[in-house]
Amino acid sequence: MTALLEVRQLEVVYNRVATAIQGVSLEVPEGSIVALVGTNGAGKTTTMRAISGFLPSEDAEITDGEITLRGERINGRMPHQLAKAGVILVPERDKVFSTLSVQENLAFAGREGGAITIERIHGYFPLLRERGTQLAGYLSGGEKQMLAIGMALLCRPTLLLIDEMSMGLAPIVIKDLMEKLQQISRELNLTVLLVEQNAKAALSIADHGYVMESGRVVFTGKAAELMTHPDVREFYLGGAGQAENKSYRDIKQYRRKRRWWG
Amino acid sequence: MEFVATVVILTCTYALLAAGIVILYKAGRVVNFAHGEIAIVGGYVFYSSGMMFSGGEMSPWLAVLGAIVFSVIMGAFIYATMMRRVVGEPFYVAILVTVGIAIVLKSAIIVIWRAQHLTIDVGIAPAIRLAGGATLSYMDVASVALTIAFFIALYLFFTFTRLGVQFRGTAENPLLASQRGVNVNLVLSLAWIIAVLAATLSGVLYGGRAFLSTESVTIGLAGLTAALVGGLDSLRGAVIGAFVVALAQYLTVRLIDPVLSEALPFLILLVVMSIRPWGLFGTVEELDRV
Amino acid sequence: MARAGTNLRTSYLESNEVLRRPYQKVLVGLILVAAVLLPGGSSDYFLHLINLCLLACIGALGLMMLTGFCGQISLGHAAFLAIGAFTTVILTVHLKLPFIVVVPAAAVTGAMIGFLVGLPSLRFRGVYLAISTLAMHYAIIFVATTYQAKFSASASAGITIPDPTIGPLKISGAPTWYYFLLVLLTFITIGCVNLVRTRPGRAWMAIRDRDIAAEALGINLTRYKLLAFMLSATLASVSGSLMAYYSNVVTVEAYTLDLAVIYVAMIIVGGMGSILGGLMGAFFITLLPYGIEHLFEFLPRAWRFGSTVFGVQVGAVGVCIILFLLLEPKGLAEIWRRTETYFDRWPFRYRPLDTTRR
Amino acid sequence: MGLEIENLKLQFGGIVALNGVSFKADDGELVAIVGPNGAGKTALLNCINGVYRPTAGHIRLDGRDLTTVPVDKIALAGVGRAFQHGEMFPHMTVTENLMVGRHLRMKSGIFASALYFGRARREEMEERKTIERIIDFFELYRYRDTLTGDLPYGVQKMVGVARALALEPKLLLLDEPSTGLMREEKENFARYLLRIRHEMKVAIIWVEHDMQMVTDLADRIVVLNYGEVIADGVPDVVRRIPKVIEAYLGAD
């Protein structure tokens, strides 16, 4: 009994025919940041949705395996039940209510009596105080992400799931947000599962990393180790072998094949 | 005075229908084409449950009870068995499902009530005599009062209560709302129940003033027009739209040709849509949503 | 194995074929032969039902092109049918024009009205478009009602139309009508199939799937949306005109909103975006009430009376719409396709190396 | 000649999406546009493409003013666009999607097509051959008859680029074509991009987030921030401009 969240041999099937992920296992220890990286279509988001109970709305179902939170089986629960249990997701798109104001967004989630108050959120993200009365739909990408994280924190999460935090943001904003997230996680002893395409950014703040490919976990290990793993570097971090950042102009003109199987 | 009474009652009838359509639209981006049918069936249920045990004499309390039970069951049933499953499908699926519901309800009127023309008479004698020989029954007065109360309650609910804000959030993004701890199924069932309740009230109003039959389901289309004229996402617009439609319909029947009155709401609609397609109080963005 | 070779195509012409597998060609041939031989062995009543189906097919194909392929939802189809019927009335009763002139004239009138009804589609999408077609429906029906009130002998009887003649040939009686309609429907179906697999059909489907991307590729939305409306209205109008000749009577009461919904039901039950589906749906929904009537004959006497049968007939259409939308959104065409693949693959569960559709 | 954008402004309600954007792209030039989300990159493409009508300013292609031309006529003038999320027609196969891209180069009308005889049929076959060349270029053979809705995301985006290219454009607009692709797919895409640039005389406007790709491949980089151009030049110069580092790149 160590990990807060455990996923064992998870299999998800879409529309009763297409297997999206197969035999995925992960562990998220209490108080740590775990990164789940991989490209689009690798099954990261499906894994995330399975954990947060979103699958039925996508006509998908968990056909095998189990998900446990503090040893208690949680697969098949409704999203709002999971939210009450502390599993809070920041989705990739539509992460804020764009027709409500920033304040209303925060109030939507906020419950009385939690350790995290709106004051504290404003402390982390002062911009949200400034934009309080503005409609959330008019915020920039980075500000929306801040609001979404703020909203999620107000739901008193025990496990925070963040889907594609860096998507479409400027490198400078990504760096800033990643550092903020690390700070928040430390200060609140918050457990975070980060799903990212931007492997470099995610692994830089994570303790552990999982790499997914075609619906399976293909690499796992300490984040620092993954960062130096030659295959991970070549295919996800953009640097083959020793040469850091090989230029796109030097690519070979035949189709390259992946080295591992499955 | 007859004129005022008729238009007021007609406005209430349409406003209730339009309000239901607006609520359903706001909650789930569904445009309900079955609202007229629901209203008329509600009226029939009101009548039948009032008549059930009292042998020819209407018992208002039983009738009200029957109507409420009907609304709760009907609203929850439609949502749970049908509308819950069309989330995420192309927009036309939800609309056509409601068209299907409309047909089934119509057939229910034929099979269960033999499509008979009924006028709801609660048995409270008309009391208020207005100048010009028109009468206003207590039932009419009660209905108008109920309609006003209904709208005030809705307004308070959406602006001031936490559930109301959650409702608005759910309307925009159900997935996110459910992730923030809102039971979306409960909220949307509630929306359907409120909408069916409003429709039933409107059916009773209409049944008391005119009569219930398979033809009177066209009030649903008038209600839909009212909602569109006012703006599909505006409750305030629903009332104004209802007034516009009711007034125009009354005037056409009186002054031009009763046959035209059926086509009339749509002619108004065509005019409004060509000038201001999102309705008098609606928001422009809604045009692209559905 | 012969079956393995059926997916192999060696020319572009073949890759654009409609019936790609040999057995499909055989099947279509058999159906046509059976269709030609049908009147020999069946009663007039049965042929009459089939004729109604064939008429419905023409109208349903029209709606299918508009809604199923171009994605423009229309609740005004009954009005298009009415346009055909009333054009026929005006041209035969008042001007005494022959059949051979009247039907094309109805088609042209239909196209013109389709153009008008299609105009809102340039500005609206989705629900708003559906409602604007609904509005058009009421406007057209209002005009038709006024006309009928003025010119029919009695208000409720409708207007009678004589049997049509082409030269010396008089089209009357179920078998003659049957052959006439069969030939016409065959041509219309072939035309629709050709449209769908060529430039205009692709433009329509592109508009249906992503209108902005379609426009960015240079498809003129105005032109193609209006073309779809015109084609749809033309087919409906032809169907309405023939229906008027076939039943010898036109009355505005027949063209209700419910009729429009019945046509929508046909394309839903058949399967959106499939010509075959349009035909199957038209047959299914047209025969449904007659099937229900027959079923009621097995019930005790008390049930057969009153309005119960009628009520159930009405309700069945609604139930079909709901069930198909929720359980089999791609309709009968999809059921047929699944059966086809099942036999195609037999005895295997999966077809190896095949990701293609159809 | 190429594309010329002059002082472009775009406002929605009170929000200024573009505020006086000017730059040029010559024939055969690969111009990358970078900037944070909300900087107005997609809005800019939408303006060039005609989806949005700019509040002020001019867009010229080969000297012709396209500012007020409707979307489909802009395609006719030679602007092809690949969308951010592919925007495939999901119920059509890859071949059919590409054939839609050939729409403008075809002529058969509704009657000829309904008969499917003679010229209409010949034309259909001709264009089918053209499509085959594009399929070959983008190595899409195995997906020829797959419904695009069923394709992996990366392939969908490539089909999107192929479809825009089927138009035979003079100007190609690419909206974040490599977002969501893995390194291997990005390398393939880089190959296609270089080939397009070398083999066809098109100007390419390329909105991109991957700074490495941009610096390696682009001829010029235009950096947008809050609707304004803050830098425009050769990659190696642009990435050293302090303003760019401050607003977008961050100190590395």
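Read from first to last, the chains carry the letters A, B, C and D; within each, the first residue is number 1.
The rule is simple: a contact is a pair of C-beta atoms (placed from the backbone, for glycine too) under 8 Å apart; a residue touches a chain by one contact, two chains touch by 3 or more.
Treat the numbers as computed from the prediction; the structure is a model and nothing was measured.
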Given chain A and chain B, the chains that contact each of them: none
Maximum centroid distance from chain B, chain identifier (CA atoms): D
Chain centre separation in whole Å, for chain D relative to chain C (CA means): 40
Inter-centroid spacing, chain D versus chain A (mean Cα positions, whole Å): 30
Separation of chain B from chain D, taking each centre as the mean of its C-alpha atoms, in whole Å: 48
Residue numbers of chain C (touch at least two other chains): none
Residues of chain D engaged with two or more neighbouring chains: none
Interchain contacts, given as pairs of chains that touch: A-B, A-D, B-C, C-D
Chain D to chain C touching residues, read off their complex: 49, 51, 71-72, 74-76, 80-81, 83, 87-93, 95-96, 99-101, 103-104, 106, 108-110, 113-116, 120-121, 124-125, 128-129, 145-147, 150, 163-164, 167
Complex interface listing, chain A residues touching chain D: 38-41, 138, 140-142, 167-173, 175-176, 197, 234-236, 238, 245, 247-249, 251, 253, 255-256, 258
Contact footprint of chain C on chain B as seen in their complex: 31, 82, 85-86, 89, 91-93, 95-97, 99-104, 106-111, 114-115, 221, 224, 228, 232, 259-260, 262-263, 266-267, 269-270, 273-274, 277, 287-290
For the chain C and chain D complex, residues of the former touching the latter: 12-13, 15-16, 191-192, 194-195, 197-203, 205-206, 208-210, 212-221, 227, 231, 273, 355-357
Chain D residues touching chain A - in the complex, by the definition given at the top: 15, 35-38, 139, 152-154, 179-188, 190-191, 194, 209, 211-213, 216-217, 246-250
